[in-house]
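In what comes next, subunit A is part of two complexes: it sits with subunit B in the first one and with subunit C in the second one.
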Partner chain A sequence: MRRILELIGPPLLVLVIVLGLWSLAVRLLGIPAFVLPSPEQVFETAIVESERLMSGFRNTLVASTVGLLAATVVGVLGAIILSTSRVLERALYPWAVVLQTVPVVALAPLFVLWVGPGFVSVVLVAFIIALFPILANTLMGLVSTDPALIDLLRMQGAGRAAIFRKIRLPNSLPYFFTGMRISAGLAVIGTIVGEMVVGRGGEKAGLGYYVVFSATQLKTDFVFATIIVSTGLGIAFFLAMVGLSSLVMGRWHESELRPNT
Partner chain B sequence: MTDSDIRSDRIRVAIRDLEKRFSKDVVALRGINLDVQEGEFVSLVGPSGCGKSTLLKLVAELDYPTSGNVVRPGIADLPGSIGFVFQDAHLLPWRTVHRNVELLLEIQNLSANERHRRAKEALAHVGLEGFEDAYPRQLSGGMKMRVSLARTLVLNPQLFLLDEPFGALDEITREKLNDDLVELTRSSGLTTLFVTHSVSEAVYLSNRVVVISDRPGTIVDEISVPFNERHRSLRNTQEFVNTCAVVTEMLYRGMEK
Partner chain C sequence: MTKPASLMRLQLPLLALLIVVAACAEKPQDDIISVQTDWFASTDHAALYAAELHGYFDVRNLHVEIRQGGPGIRAPNDVATGRATFGLALPENIILAAAEDVELLSVFASYQESPIGLMVHESSGVLNIEGIENLTVQIFPGQVFWEVLKYETGIAPAEIAFDGSMTAWAENSDWAVQGFATTNPFDARKVGAEPRMLTATQLGFRAYAGVIFTSQSYAQENQEAMQAFVAALQQGYADFLDNPQPVIEYINSEVNNDFLIEVGEAAAVIMQDLAVSQETESLGLGAMNAEVWNNVATRMFEAGIVRNEVGASTLWTNEYLTSRDQQAVQ
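Let's turn to the complex of A and B:
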């Protein structure tokens, strides 16, 4: 209990101070609510609009999850394929880098043309943004294996499949999770950006849609509430990856074994 | 040396006119001729970069000679008949000690029971009972090296090749492992080729010490080690010191050529 308090105490204190100053500034300077609402107003709106926020949260959660899962499957399979051959890696990896560099928001209108606005377009944006870190990191893990170990297995007659299963794949796990931690956050950001550009309203509306929608109506308090919920979702995704990685590698990997300071 | 030597049924490794070039200008080894008898412990000593590790890899067929050849009469051409131990332990951090020792047996498609039994036996052999479920990160450098030895010994190899296995360890651990290695190899009559840059280690462990010159590596001389018993106090005897002095002298000769 004491440990938890020591851990969350200081950042919590910072939060309280910032909220206090914010509230004070809004009152003393008489800032209009459509420019900067007070934290109390934001909180109030969050309660009043809780139903829409919750449904937006659910929709964004689903789209982010689907986008991240698709990026994981394609990223890992892609990394495995690229790791099997130097030629393939040299031919395809640069294109993965190009894909990473294309401004995805600029692609979004194309998605609308091809599959229409809504869920699929949003997931596509999240998928493309989340793909590269998983692909690049997993590939690095698959190819940076100890050559001595591979010699050792080869001497005992091990084939490529056995070396892959016993050495390459487990060796890539820490790298894979590094990619997942980055991509988990990116998938949420990608989804929200996607919803802002190619999302649809109504009951399928996600958090990104509500940000744009309420901003155009000068409901700045609702914009803030949406941003806070979105951030919470991003943090939840990141923490889920941290949890998953410690579940899988907790007993052996250095990153999971650092002493608590 | 003649071909009739190779036919002698006690020879387990016969190296003939071996040359290894890495490029036109870089000659790692030249004119190497060496026989290793069954049950013999032979050390290869030389300055770093002299090609002694390359020679070991050629014997293991991890690399191929530019000319000349290595034959291994009486050593089955089967997985598991050659055991190789590297300079560092090279354990899999995600496997427990026990599962690390099972690694190479898994390639041989042995049953889980058989693997388990042999791994347990090998771990007992290197004095690691009770550490079966530990992970490599929990072990000291010396213990990791013991796991690495067990991982290879579990194969019951006919030929044991070690490439500076104790180079990174502190002196006390190293001497302890030397005693254990003598015990392990002598008790089973294991034919062993051992690469090291430590003269006293080579003399202590071996029946015969082969001194290799600076690049291009050639054999400067072979020195037979005159004692049979190995004990810690051996290192303080005049005979041991004298033998080391002879080897050291040869090493210097090999570096001045």
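Let's turn to the complex of A and C:
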């Protein structure tokens, strides 16, 4: 219990202070609600609009999860393929960098044309944004193994598959999870950007759609409520990756074993 | 206890950054009247650009700066926060702002009937709002006329966010897309589509469009400037409707090269009908009436788009307009 308090206490205190200052500033400075609604008003709106927010949350959660899973599978497989040959890495890695730098929002209208609007297009945006950190970090982990360890296994007659399983793969895990932590948040951002540009409305509307919807109708309090729920989703994704990382590496890797300082 | 040196070093650049940000924030200078439009320059803003081109602002000693809009630009926000003196938007946005206690005053309506609506394919055979039920509608989320019509008719077609491109619509004959009757059908024909434009009025939602507004406080404190500004708009718009070509060429060559001359020419023909009404005949170009404003405000409230019923009577005025008879006398 004390450990949990130590963990969540400081950020919670910061949150309370920020909310207090925000509320005070709105009241004292007389800031109009359409510019900056008070936290109380945002909370009230979140209650009133809870049905739409929950539905948006579910739709964004599903699209983000599918986008992240797709990015994980392709990113890891891509990293394994690139790690097998320096020639392949030199030929393909620059294109992965190009993919990362393409403005995905500009691609969205093309996605609509190629695969239709809605879910698939939104997932594609999330996938492209989330792919690179997983690919780059996993590749780094796979190729940066200690040569002495590989030599040792080779002396004992181990083949490429055994070296991969026993040295390269475990070595890449911390890098992989670093990539996953970055990509988890990016997948949510990608989904929301996709929903803003090519998302579906009505029952299939995600949080990104509601951001544009409420901004169009000057409902800044609803925009804030949507942003807060979106941020919560991003944090939940990040924490899920931290938990997964701890589950997989908690018993053997120093990054998970280090004592609290 | 002394501050760490690194923190001290950070302070100066941070202060400089703050000063730069503050300096960059667009605030209207006292003697400049800034006008924030809703989109990239086109004939939908003809009254403004005609007045600028023909010098109608200059002869009245008005220093007017027209700022083009674009995606994400919301003129009511800019006027309400003092970043612009005047704005151009749909009247629905003025009602939305009023519901959030933002006091704006509309003084000139460029369109008596809004050219905004849904564009369908001729082959779809759709002629009215009921027919839209079976289509996929590509529309900017939260568009008021659409939300009201959905509420009133109970239709619930599939919807997708409008990304600003007509390409996907052109490829799908069972789609409807948000558009402006003045420009989008022309664009659609250029890519080989056979469009049919159903304006919001034809679909059952009559409203003005291209409404020019300012803050209530600016109007109260600057009566002379208001009178002069609106007179310049009226004079410019009348010239444009009589002879649109110079204004179209001005917008194309001096303001927005992407606005094609042929699009402007096609728009000008459609505007001849949308810019005038019985009201404008008697009160002058830009005139409005209470019935249209009240109807829009009531329907927005009934559809749940605004949380509080907005009294529309304080949101618009014909006070600064000059009728043709008065112009003749002057």
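Assume the second predicted complex is superposed on the first by the 261 of 261 C-alpha atoms of A that agree within 3 Å, B and C clash if a C-alpha of one lies under 4 Å from a C-alpha of the other, contacts with A are read in each partner's own complex, and residues count from 1 in each chain.
Methods note: contacts are C-beta pairs under 8 Å (C-beta built on N, C-alpha and C of every residue); 3 or more make two chains touch, one makes a residue touch a chain.
Please read these numbers as outputs of a predicted model, since none were measured by experiment.
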Contacts of A:Leu19 with subunit B and subunit C, given as first, second, both or neither: neither
Touched partner set for A:Met196, first subunit B, second subunit C, both or neither: second
Touched partner set for A:Val74, first subunit B, second subunit C, both or neither: neither
Touched partner set for A:Val242, first subunit B, second subunit C, both or neither: neither
Which of subunit B and subunit C A:Leu173 touches, first, second, both or neither: first
More subunit A residues in contact [subunit B versus subunit C]: C
Partner chain in contact with A:Asp151 - subunit B first, subunit C second, else both or neither: first
Subunit B versus subunit C as contact partner of A:Thr216, first or second or both or neither: second
Subunit A contact footprint on subunit B (complex, rising order): 60-62, 79-80, 82, 84, 86, 88, 90, 92-95, 103-104, 106-108, 135-137, 155
Contacting residues of subunit A [partner subunit B, same complex]: 146, 148-149, 151-158, 162, 166-167, 170, 173, 249, 251-254, 257
Of all residues in subunit C, those that touch subunit A in their complex: 74, 76-77, 80-81, 93, 96-97, 99-102, 136, 138-144, 156, 158-161, 163-165, 167-168, 171, 305
Partner subunit C, residues of subunit A touching it in the complex: 32-35, 108-109, 112-113, 117-118, 195-202, 205, 209-210, 212-220
